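Next come two complexes, and both contain subunit A; in the first it sits with subunit B, in the second with subunit C.
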Partner chain A sequence: MKQNLYNYILGIADNSLILGQRLGELTGHGPSLETDIACTNISLDLFGQVRSYFQYAAKIAGDDRTEDDIAMLRKEREYVNVLLVEQPNTNFAYTMARQFLFDVYHLLFLQELEKSKDLTLSAIATKSIKEVSYHERFSGDWIKRLGDGTEESKTKMQDAIDGLWTYTDELFHQTEADKAMVAEGIGVDVTKLKETYYKKVNEILEEATLEIPESKWFQKGGKEGVHTEHLGYLLAELQYMQRAYPNMEW
Partner chain B sequence: MTTEQNIDQILIPILEQVSDPEIPVLSIMDMGVVRTAVIENNIVKVEITPTYSGCPAMDVIGDDIKAALKVAGYDSEIELILAPAWTTDWITPRGRKALEDYGIAAPLNAEADKDVLLNDKRIVKCTNCGSQNTRLVSQFGSTACKAQFQCDDCQEPFDYFKCLK
Partner chain C sequence: MSEEQIKNLEAQFEARIARDEKIEPKDWMPEKYRKTHIRQMSQHAHSEIVGMLPEGNWITRAPSLRRKVALLAKVQDEAGHGLYLYSACETLGISRDELYEQLHSGKAKYSSIFNYPTVTWADMGAVGWLVDGAAIINQVPLCNTSYGPYARAMVRVCKEESFHQRQGFEIMMKLANGTPEQKELAQDALNRWWWPSLMMLGPTDAESIHTEQSMKWKLKRKSNDDLRQQFIDQTVPQAELIGLTIPDPDLKWNDERQSYDFGAIDWDEFWQVVKGHGPMNKERMKARVGAWEEGEWVRDAAMAHAEKKQARKQKQAI
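Our next item is the complex of A and B:
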């Protein structure tokens, strides 16, 4: 089995899986009908992308592992998503700030992944770019709307950006699998996305009349399987059905 | 990689009977999701491509194709393919008309779509009264492929099928 490629795919897919699950929590709980539907639509897009990745990963694994096993039956330390996406839906400003900080990265990442030598990954990227462009527009609009809104919405959005900022640098951290795949022309060199990322993010923050956080202290670990306490609770819910009724299919 | 469809003539009438479960007036042929359907050794090989990655209708569409082909006396194998990625350009003129009749505004071209979704341009035609005095209510509608609009003349809320290029 191509272990590096397998790990690399998980590194991409876990971000979408965990963020999709977070957004799914808003089903029936969004602040308005439109935002509720939007968040769950984005969640659905992400889950769709995740299925493509995990089906491919299962093929590479070459044993009796299925896409469901990969999604549902790993332990906490075996999930390699970034810490950003597992942060809770503290309030709608947090939900949108988390989404925005991830969407900007996600789109830049997919635009590079599209050039991958691996044709399956490239096809998934091409497909996903169309969807993620909409996500980025949606979350970017909310940053501006809340940032440049009322005093209260601005305070809440600033809090959210300040609170989540510490998780942004990890997006550009390279794992062993990342390095190996970059060397083979399959993976994306995320370190090269960093400058464009902060430029794009800062532009929107400025337009939203928000302060760009000055903190240079960044939290990381998710990509190596070391998570914040929030992930455990999320996984308990995500995995419940599969643990209680083994072999159920999506 | 080709954007051409490869479908045996004899299979077209059968596949035209299968519709999108979310939009029952629209056949999967007019939707453009069937890319290949050929008979090989008495088995029909079908390739379908999703509109959106997470489209929950794809599994149902696959099952419906199988069932329709079975009735016509064929066994089939369905494969989901991602490349080339589906675009709203593949919806046929007949499909666009079916959408409009059903109350869903058909996708505009990419440039106009951007104007509508980002710059509040009023050019999407109301499916009820035909007025262009319409506005975007939400970028996401009842399914991932649609946005929510409202007509400011007749007040009718309606879906707009987002342009996907």
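Our next item is the complex of A and C:
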């Protein structure tokens, strides 16, 4: 099997999987019916993308593993999502800040992935761009609303941006699989997205009258499977049925 | 307006309904009609919103990606139903905030079935199959109800509900045809949801206080007992088809009536849940009130932001 391609796909899809799962926790508990519907919708989009990626990965693996095996039967150290997306739903400001900081990256990434020599990945990117453009608009609007809303919302949003900023740099780290796939014209060179990313993010933060964090201390490890303590609990729920009732169809 | 004039208007109004004409928001309507509709439509909207909680409970633990996506979509549909039922209700001159307030204070009711817990994955099947099944039986006649906005909302709701019901049945079928452990999950869920689903169609006709007036306004077209019989007659063969047993030893086909006879319903349990003492009443309200209160700063910020934006726009215009 093409191990690098397989690992590369997991690196993309795990972000959507874990973020989709986080958003799924919120369904029915949103601050308004409209935001509830929107967050559920984003979760749905992300899981739709996950299914396309993992079905493709399962095909590449060429054994009898399925999309669900890949999604639900790996161990903690085998998930390679960035630390940002596994951060908890501390409050609505955190949820939107996490979404926004990921969406800006996600859209830039997909716009490059669309040019991939791998036609399946390119096709998934084309479809996902439509969805993620909406996600970015939605979360960006909330950054502005909460940043430039009331004193309370501004404090909460600033706190969320400050708290999550430390996880942004990892988005632009390259893994071994990344490097191999970039060399083959399949993968995206994420290091090249960094400048545009911070430019876009900073623009929105400024419009939202928020401070751009100055901290240069960043966390990393997700892409190598070394996660924050939050992920284990998320996986416990995600995997519960597959672990408790192994080898069954649902 | 004199008493005679009002009586005249009322007579014209009732005649319109009798001719199957739709009543629209700007039409004159008796105060009682307006109030009854606010009560029933908001109760329906609240049921959709509270109903998101027992199913939302399994989103993070759905057993496969396919099931997770379907469940997310279903719960999202329910939020959508809530949204347009609240909007339809607002056409009668009450705001969504006021309706929420009635729900949170306990003044307004919602379907008591949602006060039962969803304890296993099989409950996602049982809720879709039985609860949505019973809901459809209740709701299909409402597609022809007299109040236009409600009737139109119900057309869409019913289409989506029948999709949900098939989806729920498919979950049950898969379990019933699965391993012994899966079949046990399915049977256990049916055992727990069967009687509450029968109760969901409302108290027996003798105890139902709203029926007569509601019949006249086409808010109700069949009695609770008739709807219940219809639900049972429709559901028993479905259970048989997938090899599950209805948990009622007195259930048997009555050739003369061409219907199933069934055992006594525990109405004490029904009234206990309706009066707020079911297994999950307090938790459901805590979740709803909690989401509303925790979301207040978000809604306030959105309002403040919109006002600032508007002010900037006006300033620019000057």
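Just so we're on the same page, the second predicted complex is superposed on the first by the 246 of 250 C-alpha atoms of A that agree within 3 Å, B and C clash if a C-alpha of one lies under 4 Å from a C-alpha of the other, contacts with A are read in each partner's own complex, and residues count from 1 in each chain.
Keep this in mind: a residue touches a chain if its C-beta (ideal position, glycine included) is under 8 Å from a C-beta of that chain, and two chains touch if they have at least 3 such contacts.
Model, not experiment: these values are computed from the prediction.
By the touch criterion defined above, A:Lys115 lies against neither subunit B nor subunit C after alignment on the C-alpha atoms of chain A.
When the two structures are aligned on the shared chain, A:Phe92 is found in touch with subunit C, with no touch to subunit B. In the superposed pair of complexes, A:Gln49 makes contact with subunit B only, with no contact to subunit C.
Of the two partner chains, subunit C is the only one that A:Thr27 touches; subunit B does not reach it. In the superposition on chain A, contact of A:Arg243 is made with neither subunit B nor subunit C.
Residue contacts after overlaying the shared chain place A:Arg77 against neither subunit B nor subunit C. Judged by the touch definition given at the top, the superposed model places A:Lys130 against subunit B, while subunit C stays out of reach. In the superposition on chain A, A:Phe138 contacts subunit B only, with no contact to subunit C. Counting the residues of subunit A touched by each of subunit B and subunit C gives the higher count for C. In the superposed model, A:Glu152 lies in contact with subunit C only, and not with subunit B. Applying the stated touch rule to the two superposed structures, the overlap between the subunit B and subunit C interfaces on subunit A comprises residues 34-35, 37, 41, 44, 47-48, 51. On the side of subunit C, the complex with subunit A involves touching residues 49, 52-53, 56, 59-69, 72-73, 75-76, 79-80, 82-83, 86, 121, 171, 174-175, 178-179, 181-182, 287, 290-291, 294-302, 304-305, 308. Residues of subunit A touching subunit B in their complex: 34-35, 37-38, 41-42, 44-49, 51-52, 119-120, 122-124, 126-128, 130-131, 134, 137-138, 141. Subunit A makes touch with subunit C in their complex at residues 21, 24-25, 27-37, 40-41, 43-44, 47-48, 50-51, 54, 67-68, 71-72, 91-92, 144-146, 148-150, 152-153, 156, 237-238, 240-242, 245, 248-250.
Those residues of subunit B that touch subunit A in the complex are listed here as 50, 52-56, 82-86, 117-118, 137-144, 148, 162, 164-165.
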